[in-house]
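Here come two complexes built around subunit A, the first alongside subunit B, the second alongside subunit C.
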Partner chain A sequence: MKKTSLAFLIICFIFFFTGFKGFSQPSSEHGKISGDFGFSGMYYQPDSLINAAEVEEKVRGNAYLNLLYTNKQFTVGARYEFYLFPLVDFEQIAYKGQGITYFFADYKNDFIQVTAGTFYEQFGNGLTLRAYEDRNLGIDNSLLGTRIKITPYKGISIKGIWGIERKNFDFDYLTRKDFVRGGDLEISFTELFPAIAEKQFAAQIGASFVSKYENPTHPVLKLPANVATWATRFNFRYKGFRIESEYAHKINDPNNTNGYIYKNGEALFASASYSMKGLGTSLSFIRADNMDFRSQRDISSTTSLLSVNYLPAINRQYSFPLLGNYSYVSQPNGQIGIQAQINYLIPKKTKIGGKYGTNISLNYSRFHDIEKNIVPLADSLGSMRGTDGYQSNFFKFGPHLLYQDIGLEISRRFDSRWKLELAYNYISYDLNILQGHADTTLFHGHHIAADLLCKINTKHALRLEIQHLYSQQDMGSWLHAMIEYSISPNWFFSVSDSWNYGNNTAEQRIHYFNIAASYIIKTTRISLQYGKNREGILCSGGVCRTVPASYGVGLSVNTSF
Partner chain B sequence: MKSISIRFLLLFGSIFLFFGCDKIEGPYFKEDDTVNTTVEFPEVNPDTLIRKILIEEYTAQQCQNCPTQGHIPLAQLLETYGNKLVAICIHAGSLARPDLIPPFDYDFRTELGDVLYNDYVIAGGSGIPCAVVNRTRYNNVFPLANSNWEAAIQNIDTQLYAGIQIINEYDNNILTTHLKSTFYKNYSNKVILSVILIEDSFVSPQLDGSTTIENYTHNHVLRTSLNGIQGSYLNGNGFVAKDSSYVKSYQLNFTDHDWTKGNCSIIAILYDETTQEVLQTEISPL
Partner chain C sequence: MKPTILVLLLWGILYSGFAQEQPEALKTTPLPSVEIKTLDGKTINTKELSNDGKPFIISLWATWCRPCIEELSAIADVYDDWVEETGVKLFAVSIDDAKTASRVVPFVNGRAWDYEILQDLNSDFKRALNVVDIPFLCILNGNGEIVWQHTSYAPGNEEEIIEIIRKLSK
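This part shows the complex of A and B:
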């Protein structure tokens, strides 16, 4: 049965069995319908100064509707997406089309859960499998197939998946020559032996195995039809101390992202933290070597399409607009790095801590590429393609610094009305490796930020944000300011401007202004925005996409029911 | 009962999963199947060339509709389009499976034919007879019934990407085929060369409706590939450049085959590795 027909049946099923009653009067007899709707549109104006191109259709938009019907242990769901004339940044990543992109039927009891259709899944930290959706990034690598979860005993969970990964709006699954299958086992000792939990111990172990098949056609190279990864992991906690780790290994996977080398891949993620009253510390480590794992071997590394696995970004994520363009981009084929953080609360009602106490956070992260010693055959051929590529010392940092962040944040509430946050970051960033810029100069930037919040009364609040980025590289220095006024619980207004005053080119010293208003009622949010957005990258958890410059009026509507 | 089912699931799950990997041992490059090129190719004026179109008809000796719905319409198209059209008849699928006893005990099937049949006919949800024109979709599908063949042919754009010259040498049961591919436009995707042997006028039984025609003449029968199922890149990385020529030579031993040399032809196909679209094709009788 064709995919669209099956999805259509699911939608018919939802309406038939609920008799449309679910919307207004959900009852246990008829089950319950829930869902959400989102629209995001923009009227584009060209602006040659910021490189915002003219958009022929003038207005573009993305829209989707999720429907979910639940009746006791049975759930069916479907999503319709309309991205036929999408926002230009989605068109740039080929997220363009329309159709029922997600549909499933699921049955669950205490012992087993079975899913048929499309589904999302993650094993452990995602080093072997992460099928997920990030709507802002335009990422949806859901699997079309089946999933089984078994819980033979409380605390033991076994999962099995089998499916074809979504490739944007290419629904030609019958001609696909690739699919993914895998399994995961997780044992929670805390649930198996409740007495452990009473002593404030928590422990989990897990293992996963994921393999992809792809037709091994290649005129020159002998390719593996089946490529597998496996991983083991543990998570241990005692009182305020926690340690977790996962190691993954991948067998020969010559593909476009690694230059068709046959070296095995491996990744290690480890994290430890300790917290007590007023103090929290954490230290994380990650190393990834040749771990870009895709359903199709010819997919380019410049897109996140068809990624089977995921390397977690351990660096601290910031919401500062001026640092957004210098977010760390995870490098599955070669990165080694650490992240350390200390949070300290200067006690309240002290001379330094003030009435409410003062939070201080110190952060350091550093990522390098990995050491690569080219194998002799690759050296003699002048290319790593069709060889084992390179050898690499596991714990040795490579010669190129990719990213460094030294950060300090201080946050203090002065009274019930006023709160101030101050931050300083020193960022080093390799634009060439992380974003593919031609410029190989390492970017260095000093960033300071102040965020002042004033709660005028229980309904009204004013927030002022000022940031400054000083740099002599890339686009130079920036100044950003924003005022946000909120009338709880319905209205938000904001005015902001990012000024690239330090650009080496005088004409490029542009003001990127934005005016925005949002109205929220119950579960609905309507937002209107007008202004300029700079060209750059948008990231979430180390996964990024490029964003073109834009200028115009944006409208978004989101509601859930 | 519960524990038995868990053990069962674990056992079969493990079998499925742990066999799901292939370890490739070096060297990782396939053996070079080319031989030395010992001929000189004459100069060609590109103005005299056209973009030829490949039509691959999927058929079978026990396909009762194939003569009327496949072979005859194909012959009519070849009559109409002359040397602009290059045809291959691929015997594949369950109706091509030979019986143990006559009359349908001859095996027309080939490894390449089976792969193409799976990729285009099975994946396209079609039965036979059908044809794929230039390995492109028409009305969004690859396999077409004969009513759409001509429209699909006319739908192919005429721009000339490349020309192919073929020189065949046959000596002591060994066929040596020399090929020169010259590109007249830049092309962004990787290009693959596939070299195929076909045979005309092969007499063998064919079902036609409910009648078995004992002395049926099969034409354009796919026999084998000279450079493997996957074909070959023209150079090291598969990318081609405008005004560049690429020369390849392959050999094929006719010993132990029932092919009649005088009825055989070589077909060369240049196609896009990503989209599979055929950019140029050429045929040369032995």
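This part shows the complex of A and C:
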């Protein structure tokens, strides 16, 4: 096995440093080839203290190659993915296999666009349909089928899709008994009536319909073969004011995530903002009730496989490493919450604002579960299975606080050399509901961060990051420090340590150190990293997955051409 | 196993180091044709992006991407001077999805950025440009052809960007 992985590593390198140079020669008559390549590998060492287990094959890696060929109005593309011995976190979510996972042919002109093969698509905010990819999370729910987009008149757009959702590396399309089809209409008054745009008005409305077919087989329940969702949306702008909203409805969809209940689902997303130069304010609201919508009804809620739609987690997302484990996880089957934010720039060249101005950002978000009044039980086992489930008051916040974040951030450049950013956050987090921990105590944490940047000269810069998380729950308090030295535009070097000094168990007060170096040239990035990575969750857009602890040497190579 | 990887890495670095030293004429690549949205919800094709025959910059960013904000903030500090000197224009294409898209405008205004903001809600433009990670910045000549692309941001990169734009605007 070692030989296989090593041979693969070498092939990747040869391919990358020799083959690609020849590809990227553009020629207008013969069309254009472009692409991107990514490799991420790791040599794993066991470490019982941080719970990094000995892995079957120590050298593992993920690799893919995307190629696109465009000639005037035609585009064809394909992606090969090699994940036969993937990084252990991908192995954990069964993102394992190899093959051509993405291939399509596309033609478009001003009136029509047709796609055959694999495609990504989103209707509105994605409440009814979102086929997308997030490579870092191992999410790819692209559709294999056909798509058509028509623009009969400038300002009116119609889309239709029909396809089977990708399920990791299962290519059993011929035996699949499920598929998705749908359509979307969007009308932009701004484009239909250019006169209103001149008065600083803008408005769009839209509607979408998506239906899933799945062969109903169940020993007891009479299941619907077709499940439909529909949504309507609008957005409106006048000068600095903007409001937008989308409401979605799903007809009965008994499935594994909702305990096979026949209740309809619904979701509302709304957002209002006012901004002018130097000041931005926004307030968003989301409510989702029984909106987990999958191509196959037996998929468990612990994976994000085969999701047809997307319920955004609208909270602010942080890149602070110590807060990574306390990222909100969107709850499509029951969440209600708000998010408010103010961004303000204390003007440049004032006494308080300084020469370059000072940025201040205030943030508040709060998410609860929804109220669920269980309807009289039909099942002698006491489960809701086969019933209408529960009733819920639409605007009432449920009894459990899932997540709260109060945050303040200030950043200021003092002169051409020094820049300082300070942040404070108070986070409350329900580990039991959001991450399935047995512990039901609510987590509370105070987090402070300081980030100091010193530009030594036009090319060299030094960054120092210090962060502290104070908490008495979960893993307790942490201290994190990082020093990064960069030489523009090619080099990055960093050393960091996260120290879990406040852990209740003395043996678990571990240092997670890391050293890393990256070399960047144009669109190629090569990184080498060595150290310990903690067990935790990795999130993006409210979609998360758990990541096992790991210890070892990592290498990644990315390039586009 | 480890030494082999290191040798391969060193080889890679050396190889690309040599590649860099080869004199290279400015190769141009056409911009992909993809529909993205303006902040007024209008759909425009990326082919339509232009700056009246002068060079321009397209930067792919997101409100949750720290190095992107750092890069756009660093350019914002010198942007007035760049515009005055070269007439350059920066299109900041946000790849924020439904989760954060409604906060793009307040975010940009709250920082008083003067860029033209566009939205690529389901990463179609990002995919067509073969972008792996953001920040991703490309410089286009007056004809709207890509002449230079770069991924990631290190403080000081803006010096290289303006040098290229100066050459293009001569």
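What we mean here is this: the second predicted complex is superposed on the first by the 532 of 561 C-alpha atoms of A that agree within 3 Å, B and C clash if a C-alpha of one lies under 4 Å from a C-alpha of the other, contacts with A are read in each partner's own complex, and residues count from 1 in each chain.
Rule of thumb we're sticking to: a contact is a pair of C-beta atoms (placed from the backbone, for glycine too) under 8 Å apart; a residue touches a chain by one contact, two chains touch by 3 or more.
The shown structure was predicted, so the numbers you read here are calculated from the model rather than taken from an experiment.
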item: Side-by-side fit of subunit B and subunit C on subunit A, or clash; value: fit
item: Subunit B versus subunit C as contact partner of A:F111, first or second or both or neither; value: first
item: Touching partner for A:G436 - first (subunit B), second (subunit C), both, neither; value: neither
item: Contacts of A:G386 with subunit B and subunit C, given as first, second, both or neither; value: first
item: Touching partner for A:P376 - first (subunit B), second (subunit C), both, neither; value: neither
item: Subunit B versus subunit C as contact partner of A:P46, first or second or both or neither; value: neither
item: First (subunit B), second (subunit C), both or neither touched by A:P194; value: neither
item: Larger contact residue set on subunit A - subunit B or subunit C; value: C
item: Touching partner for A:S34 - first (subunit B), second (subunit C), both, neither; value: second
item: Overlay on chain A, subunit C to subunit B nearest C-alpha distance, Å; value: 20
item: Contacting residues of subunit B [partner subunit A, same complex]; value: 2-3, 6, 9-10, 13, 16-24, 26-30, 119, 123-125, 142, 192, 227-233, 236, 238, 274
item: Of all residues in subunit A, those that touch subunit C in their complex; value: 2, 6, 9-10, 13, 16-17, 21, 26, 28, 32, 34-36, 38, 41, 43, 58-59, 66, 68, 70, 108, 120-122, 125-126, 130, 132-133, 157, 188, 190-191, 197, 202-204, 235, 237, 240, 242, 244, 269, 271, 273-282, 284, 310, 312-314, 317, 319, 341-345, 356-357, 359, 361, 413, 453, 455, 457-461, 486-492, 518-526, 528, 541-542, 553, 555, 557-561
item: Sites on subunit C touched by subunit A in the complex; value: 1-2, 4-5, 8-9, 11-13, 15-16, 19-20, 27-30, 32-33, 39-43, 64, 66, 73, 77, 97-103, 105-112, 121-124, 127-133, 136, 148-152, 154-157, 159-160
item: Subunit B-facing residues of subunit A, complex; value: 111, 148, 150, 152, 158, 160, 174-175, 177, 181-183, 209, 211, 213, 217-228, 251-252, 254, 262, 298, 386-388
